[in-house]
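Paired with subunit B in one complex and with subunit C in the other, subunit A is shared by the two complexes that follow.
On to the complex of A and B.
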């Protein structure tokens, strides 16, 4: 399947003797630089959709609504940071609801709250994120050690996370009285909530990891051609585990952020974020087959999804329609993304 | 190792140490002896060609040399030292590296990353990329081979030829691991290149010789002779000899590759079409008429097949014959051309239409394309025509059972039961079930057989041959892509030679008047 050039060869094959001495370098196609349509598509779509809503709704184009959109995107952006690395590898991660739930309850019980005398402050946040990273690590280990597909392991870990959260919840909702954690959702810096700045920091960290760390580059390479890594003497298993661990940490932080917004620890803190995050990543151009896209792509996707949600409400579309619309968008986006790779009798699973 | 006492005033002169030596290498897979005592010597600073037909053991040998296959017996010596290669890293430590047949670069990384992949050294410190160092390391490699590729270009934006350069630059990284000249193995490096690019590659290979030994594998014998100093030939997992490239002709090499023609009862037979032709002199309309068929890898292919005739298509790797075969089944898109089956235009838009028109296809990859391994013999046999044979969307078990049992008996398929999973059968019996799939349908008019005997042992092969003859005898038109030239000659009534996507020659092969492999080779290369 990989030899489109073969038909054109054959004619005029000289014996190599006269080419031996000095060789006129064969004309090389210039390496394509710049941005392809595939990469440019989502940002263009973002601008267009933003423009359309701005024209349609005077409420939409206010500064305070733009602030709202950014604040509303914060939690999803952090979850998407985590899931993007997993998707880049060509795996999938459905564990965010469980991991976020576990971390939400954990942090609520460790900072000042109405259930116990703990008051760990930032340390409580760190513990919650570490617990989440541990759960993510378990997904990764199950994948590489037991060879269970990531679809199944992460679904299982999600259930484990929810189970842990339910145990700790124990029937009484922990309400947060920690001023720092409450402040994250309320206090603003340059017009944006602290949480939004945290999300921006996550995006920056994610981008640095993707661009400058071996972990990030190998995650990208695993999605591109995993066998090649093995043939180059690279052991991929540790990197896979590390990616799932890192993803878990991001979900944990997202769980903390939800707790900050709600002022209480909820088992259901992460409900629906698995699907939203995958939607955002795919809409932004991080393909499910792996090896394409990245953090910035996914972040554009997050903004697209959030702008769409916000804009549809602003122009008067019933919120009851939202779920269905989001579902259609993800299927349409995936279909658009895979068009260049379609061929006859392709196997799709 | 005898020492010549008389004629050596300076007895210190070391005996020539070979860069790489293989002695009596043996490797068996269940049912097949892939390597049966291979000997091979690669001298310092030479380009050694390796030739052999499919299944001669070339790829197993190469894999053993880079530690991807562990041999059952025999020895590998590197520069006079016996080594055991457990992994590709092990091989690299001994200075052996390979450019794989399937391009083995990560497409979405930069050229620089691919070159240093797995041995980044100072390019990555504490897990953090030093892009400048990385680019410098890659640039050093590219300079070695005089390539001007931008190291930071994404690999999938490069041409195939440039990617090949990146691969060579990458494999030369093993020089960092050893102080000796490395051994570089190039497995089918030209298969995706155009002629001009091939020239550049050859210049590169000659340059490599200055500081390395090269093992060069290609299906194209003219290439092998062109670029190599010496050519070693493998056949049936054994070394059958070697020739200096300077005074050998492709035909001579090919004779060594195929050996003497073995007799087989089913070869040299005639099909129904030929026999009936002898009786009636009237020209008949062919059952299958193909005119000007063109696709991505083939152009303007014309082909006629009469009812009851077996037509073989031969050609080297990359001749496009597999794609023609798939296109006739609607599994490969076509750009132009017309196909007429029994006077009716054949719809090539998909496999469904082909099935409905009575075309059957036995794919080359039996395990992945030909059968559903864990499913039963019965289900595999009725896979295509389930909807019409067993009526409706529901399987009617009893009807299916009678039908399947009849065919199991008729083709003497050895299976414990029709409910046995097909993957538990031997290769020959699996292939019979795959063939039976089209016979169950009852109305197959054209059979496309893509390497129907691949991976089968001698006994199973002759059963498939017998079956092919029977089918031809019942009037089925057959297109055969044979596993070997002998098979094509033995089984076909007529042979079409394809070269570079075109059907170039037609050779008659009636019983008693068979062409020799050499006649065909002349047309193929």
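On to the complex of A and C.
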């Protein structure tokens, strides 16, 4: 329970932070009992679903399959890291297919490959991620400067990214022969592929940004009450652009990871990841209206979606149903999250 | 999206404001764009302005016009329907699967099925209070999955071509029947809206949902109806695609989503709802089709098509957005 005095002190500290300009770690108000129960829901669901599949399928409850699940979750985890910040602000991001496609082709053309003589190695990865961040920045700018709703700007940027990718693809598939990039998907450390460790590092970075940087906390505040933030003198626009840029960088890295897995740059590298990531974030407890959730929530959501996908295949459901199951989950999860506010929330667009 | 909507208090005396020259120009933007495009293409390739190529162009545009017309109704209500393309693909699979059993009735059955699916989405949106954007995004994913499963992820040939043959005819030997049907759809829906209170209900819902509710407009019914019509239009567009391709496939119409959204916003229908019309989407769809057909004529690689769609969507929404309504853009 948060007592009024505590809340008062919290507010005082927040304004103090802004006046000094230095970063003071904000103390979180203690969650009320209902909130903590809500936060516990997704992990409980994860354990339950895991248990159900473990009982149903002997193939599911093997150590190698658990490794598979974690490795399969890697790319989605990185995409979801990016989209979580956008969702926390109450915006939405559909640009991952385009941005991932563009970065996948870029990195495939910059490291050692069969199309040209480039052999930039890590630098190629950095350039691809920077290009992706640039595309993300564009959608943020379109949102802030042109005042176009984010689902439209990101739909547009996704198309732009796909177009850029198609241009660079130029009809010949770039196959990667760079040993480092190929090794990421194959070589293992402590039983997990390098890609999985990269994803874990991303989650850690995302969590640190969310918890300890001004960007992360403002993203939360923008989702919670943007007008209040703007009225208290915070310039919201740069933070929005920064969040979209960061999301773009995460998608770019995810595109690189897909290229590493496939050993080739494909325009469709990011196909379907936008929706899977939204599903994961929403299932993990991030509200689409913003202001609640976070990286760790979303990561639980990623594991939930991956375990469900893997488990359904193990018990013999056609993999074509994957998208359908995700669609049902997302609608159900959003509906469940809205139920407490049904009376209040009269206008739904 | 649940953007906070702030309604302005009405002025005491309503002063009729005549639209400025700029506003008039903006409202004719799609038609102007259409004429300019036609002129540019004719200059680039004098052979373009012939009966044959124009006929081919309007024939290609027919499914897009129908899809955009249906989705326009949802946008007018302030929502968005992202599922139209996936639903259309699913409908082509339905058609190919049902044709051997139902014969001539397949047309009706497919349109009824897609209308019912559209209504279902509308009900989910209205009853569960989920943003239309999420419902239809989920719908898109679900419909694709169903189409993949029931078609076994491959195209299904349509052997009996008599049922769709009428759509491939030409009226007076010149105008393709599919385009005539598209025009009739736009005209009939527009007329029905004009002659009944529906038009003001839809506009009221789009301009200010809370005010419309307080004024007694059946907002929920209007929204479900809009989604139903949008679904039915997706079914009709599927028929047109089948009549051209002689097969049903789970991803046949998937690449029509972006052009359809582009057609709606290029036509000048505001994504915030209320302002716009089906005729505008018709003009928008023709502009988009001309761009698609015209780019290779001018010598631009078709890879730029995607980039162009992206840029057009963002630019057109930026131009038509009703800024007085939405103070916070999410």
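Everything below uses one rule, namely that the second predicted complex is superposed on the first by the 312 of 349 C-alpha atoms of A that agree within 3 Å, B and C clash if a C-alpha of one lies under 4 Å from a C-alpha of the other, contacts with A are read in each partner's own complex, and residues count from 1 in each chain.
We adopt the following convention: a contact is a pair of C-beta atoms (placed from the backbone, for glycine too) under 8 Å apart; a residue touches a chain by one contact, two chains touch by 3 or more.
Just so we're clear, the structure is a prediction, and the values are computed from it rather than from any experiment.
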| item | value |
| --- | --- |
| Touched partner set for A:227, first subunit B, second subunit C, both or neither | both |
| Which of subunit B and subunit C A:172 touches, first, second, both or neither | neither |
| Which superposed partner A:215 touches (first subunit B, second subunit C, both, neither) | first |
| Touched partner set for A:292, first subunit B, second subunit C, both or neither | first |
| Touching partner for A:147 - first (subunit B), second (subunit C), both, neither | second |
| On subunit A, positions contacted by subunit B and by subunit C | 227, 345 |
| List of subunit C residues in touch with subunit A within their complex | 1-5, 78-80, 124-126, 128-135, 137-142, 144-146, 148-149, 153, 209-210, 213, 258, 261, 265, 271, 273, 301, 303-315, 317-318, 321, 323, 326-330 |
| Touching residues on subunit B, where the partner in the complex is subunit A | 87-89, 92, 100, 102-109, 113, 117-120, 124, 127-129, 131, 148-150, 153-154, 157-162, 170, 191-200, 202-203, 206, 222, 226-227, 296-299, 318, 320, 331-333, 350-351, 499-501 |
| Residue ranges of subunit A in contact with subunit B within the complex | 2-16, 19-20, 23, 25-26, 28-29, 31-33, 211-215, 217, 220-221, 223-225, 227-229, 231-234, 291-292, 344-345 |
| Residues of subunit A touching subunit C in the complex | 89-92, 98, 142-143, 146-153, 155-160, 162-164, 166-167, 226-227, 275, 278, 288-290, 318, 320-328, 330-331, 334-335, 338, 342, 345-349 |
